[in-house]
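A single structure is presented below for examination.
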Amino acid sequence: MNPIDEVSFALTLSCPDRPGIVHAVSGALVQAGGNITESQQYGSPRTAGNAGSFFMRVEVLTTAGFDALRRALEPVAETFSMEWELHPVDSAVRTLVMVSKEAHCLNELLFQQRSGTLPIVVPAIVSNHPELAELAAFYGVPFYHVPVSDKVQAEARLREIIAEQNIDLVVLARYMQILSDQLCRELSGRAINIHHSFLPSFKGARPYAQAHARGVKLIGATAHYVTGELDEGPIIEQEVIRVDHAHSAERLAQMGRAVEARTLSQAVRWHAEHRVLMDGHRTVVFD
Amino acid sequence: MNPIDEVSFALTLSCPDRPGIVHAVSGALVQAGGNITESQQYGSPRTAGNAGSFFMRVEVLTTAGFDALRRALEPVAETFSMEWELHPVDSAVRTLVMVSKEAHCLNELLFQQRSGTLPIVVPAIVSNHPELAELAAFYGVPFYHVPVSDKVQAEARLREIIAEQNIDLVVLARYMQILSDQLCRELSGRAINIHHSFLPSFKGARPYAQAHARGVKLIGATAHYVTGELDEGPIIEQEVIRVDHAHSAERLAQMGRAVEARTLSQAVRWHAEHRVLMDGHRTVVFD
Amino acid sequence: MNPIDEVSFALTLSCPDRPGIVHAVSGALVQAGGNITESQQYGSPRTAGNAGSFFMRVEVLTTAGFDALRRALEPVAETFSMEWELHPVDSAVRTLVMVSKEAHCLNELLFQQRSGTLPIVVPAIVSNHPELAELAAFYGVPFYHVPVSDKVQAEARLREIIAEQNIDLVVLARYMQILSDQLCRELSGRAINIHHSFLPSFKGARPYAQAHARGVKLIGATAHYVTGELDEGPIIEQEVIRVDHAHSAERLAQMGRAVEARTLSQAVRWHAEHRVLMDGHRTVVFD
Amino acid sequence: MNPIDEVSFALTLSCPDRPGIVHAVSGALVQAGGNITESQQYGSPRTAGNAGSFFMRVEVLTTAGFDALRRALEPVAETFSMEWELHPVDSAVRTLVMVSKEAHCLNELLFQQRSGTLPIVVPAIVSNHPELAELAAFYGVPFYHVPVSDKVQAEARLREIIAEQNIDLVVLARYMQILSDQLCRELSGRAINIHHSFLPSFKGARPYAQAHARGVKLIGATAHYVTGELDEGPIIEQEVIRVDHAHSAERLAQMGRAVEARTLSQAVRWHAEHRVLMDGHRTVVFD
């Protein structure tokens, strides 16, 4: 059994690929008394004029403490020009959820959070409509009604809440407003949206109506990081379900809700467990 | 057990929706001594200024014979302004398969046909390359090498083979040429293509490279009727498989082959069993 | 658009198979001014000494009203020795949900019921533990804490609630007690259980631990009608998800909860829409 | 681009878990001039009185050559009491396929092998029936007809072929005979069987008939290592497909063939890529 003071940390890193990275990292971890309990890596392909990039995620169990572990890793990180992060595995990610009127994604996130299956804490729910206040109250989460009659003002209020609540992650859980380019840039890599189609099919508005009109035989949902380009951000997770000719666009929307909820909650879990790294416009997910 | 002279027929029909259709059809079948063994129907929604359409597929077992059954149905078909077809269930659909160099879809169709799980007969394989002649020979199917240096001439040759071999269905099994608009029109409703993406995502050329660049987490294949608009025909069947960041575009193409083969063979089965009806640009599949 | 007094009914029936059933049923419906909007049928195979059975579900839209429709169908039902039921499509099925401590299945049923995607009403939740009272209260459903220190007494209390609340359907939503044989018989065909394995694998206790020990690569859930034989009742729906060697038995249990919740809610939906018929020990599901 | 003499090796190992393994292994690889291109690991849980086991698979690119790499690893392997294997990634696994009359699994393996998507070479097909000789001939594989009127004699012949052909892996591709306990032991860890059910459901004979009788809503296939206990060997891969009440046992068998073929070929691929390690009665699959 683990002694009480053994703590598990998740280390994620990316850097230009070259020999010796794993050995150097594992050496630093050994030096800090760490035991690697999980490790995954990926090297993006070498191309002409590009050495390729190296991505790694390690879980390490140690009594050394956060600061000692960080100090042990710093020289390695410098040597290999790494971008890197170190997080205690057990620390919940502070998550702000944005919604409009539809409850299914919010309900899933809050239920899973309370059940202990999603390593997040939700200190704030922000909505441009009042309808979901009651659900927020049931889960004991402060609900901020921020109408968007004036988008600049609404986003200013959102920034305040993010700052006050020390938010790590913003989740757009069927929030039916488009964030400004400026805000998208500020939240880069820490805002996740759920789009109710299998992207890149059916970008933009009313994807279920588009899917019905096209007569597709599967519908889906896509969880992706938010960028300034609508529905073009790096994809974290996608799922589909089978449909048929007899399903109306309304029925597709209804069936799709369950897929949206679980696709989003899977993406949030991976992000909160520090399993998602950026490879340009693509994501590396160490599942 | 069935007496030797009981035969099973598939009746498919569509018409403007109004009360009494099922009763009239079942009455005509009873009159012809038929027993309904399978029946499916679908009414497309009524909209303002549109009564909706009615679609039906019935399998009926009878000793009456094709002609008597047809005569019994004709007055009903006229009364309700039906488009309809009647086929013996056991008659194999005469199918011409078009290929280029990749064998996986052809191999699947021929293997399933020989195994008795696909109710088609393949009297001709047409290819713009010679590579798959050996596979055709193994299955005892005449192989026509029709290069497309001159598309008009090549399509003329194709029309001849279709006419000579009395072809019901043309299957483009990774045939890497685009048919002319004129030929698409001639083959309307009886030519099926497999596209190697989950349409409408990644239309056109090199869909796996597009999918890789976009970083999708699922890839798929789409079997659809051929129309003059590239990759826009009515969808019969779609399937997807899960992929991840570590899969190169080449690996996606390799993994996708199995999905293409089974998506196409499923679509061909449904068509050959007379389970696919047209509802404008969408298909009704009575699975 | 439908006039205000057109009502949709679901007719389900089964009887010995013989020619003329569809025509007779459709005739009775036409006579009652009904328009068939959905129809499905299935004939179980003829075997030596067994004519086979015929199963049918029809949705019919009519202004005739329940009683007139019933009267029109009675002679047909008698002629063909049918077992049959007629229900207004819009009437919610009165459902009692039984739970112990785990919330996921109950949460799914209540959320979907409130969202309008599950045609049930829940007048009572019965539990042998008090933990889920708060969730019940949030959804405004009376919560009955019925401990099972004495099973005879507990089941007597359950019978009272079923009678008082005029319950149509009992759902065991991870209720961790086994009902008596006598009660199983009384509730035959109107009690649905969710078992947390892909039956018939891993019957009985601790299925996730069994699944982990066996090293399966997929885990699942099974919704079935309750019978006196544990985990042997007719299966309504099953689903699986992929797992791997790294998942502990505890993690399997956690991952499995989402599958249990959606498998159960799908089964409840089909039952509540009168889409499930019994064919001996098997179910016919007209999806 | 890789110089011509860079070779990729797959290293697999397992040992009692303790700190420093990754660092020691990566050190040996660095010392041999290797660059790690893929790496996966898994630690089975520590339990009372059991330190847990550590499993690792590494792909390493090096100009050092097999022998130098092996020498570099030997001291590490000894220090940590490793069971380990080292294979050039590009060397095809010599695979003997055993069949009876059904062609679907053999056809899939041979087609994929020829397509270059399965890193095996098939020097021999052994069958207790002559039917599949023609298919073997098409793929240019020697076909041995070994009837089993006398099982001792038949297995003696099989051992000869295995020895003569220097076989690494035996695949039972719907071979309808049970191997003797003795032979199972000899082939331990290098014989893969496909069972036509989702194990542990429906062990033994006629699983599709059993599945039909039970009324399951999904059917599946299981690829597993062969052991003396029938259908009890370590599971490598499982897959399922959806079925319904209308499918006869014969139709289930027909539909199941495609699932069997792809489940088996997936398991063979993982084995041939040295991705499957044994953890007692369970497998660790580094996909």
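Should a chain be cited, it is by its letter among A, B, C and D, assigned in written order, with residues numbered from 1 in that chain.
In this section, a residue touches a chain if its C-beta (ideal position, glycine included) is under 8 Å from a C-beta of that chain, and two chains touch if they have at least 3 such contacts.
Fair warning: this is a prediction, and the values are worked out from it, not measured in the lab.
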Contacts common to chain A and chain B (chain labels): C, D
Remotest chain, chain C as reference, centres from CA atoms: D
Distance between the centres, which are taken as Cα means, of chain D and chain B, whole angstrom: 36
Separation of chain C from chain D, taking each centre as the mean of its C-alpha atoms, in whole Å: 41
For chain C, residues that touch 2 or more chains besides their own: 38, 42, 246
Topology of the chain contact graph, where touching chains are joined (line, ring, star, complete, other): complete
Interfacial residue positions of chain A with respect to chain C in the complex: 38, 103-104, 107, 111, 115, 117, 138, 246, 254, 257-258, 262
Chain D residues within the chain C interface of the complex: 42, 45, 198-202, 213-218, 220, 234-240, 244-246, 248, 279, 281-285, 287
Touch list for chain A against partner chain D, complex: 1, 18-23, 26-27, 29-30, 33-43, 46
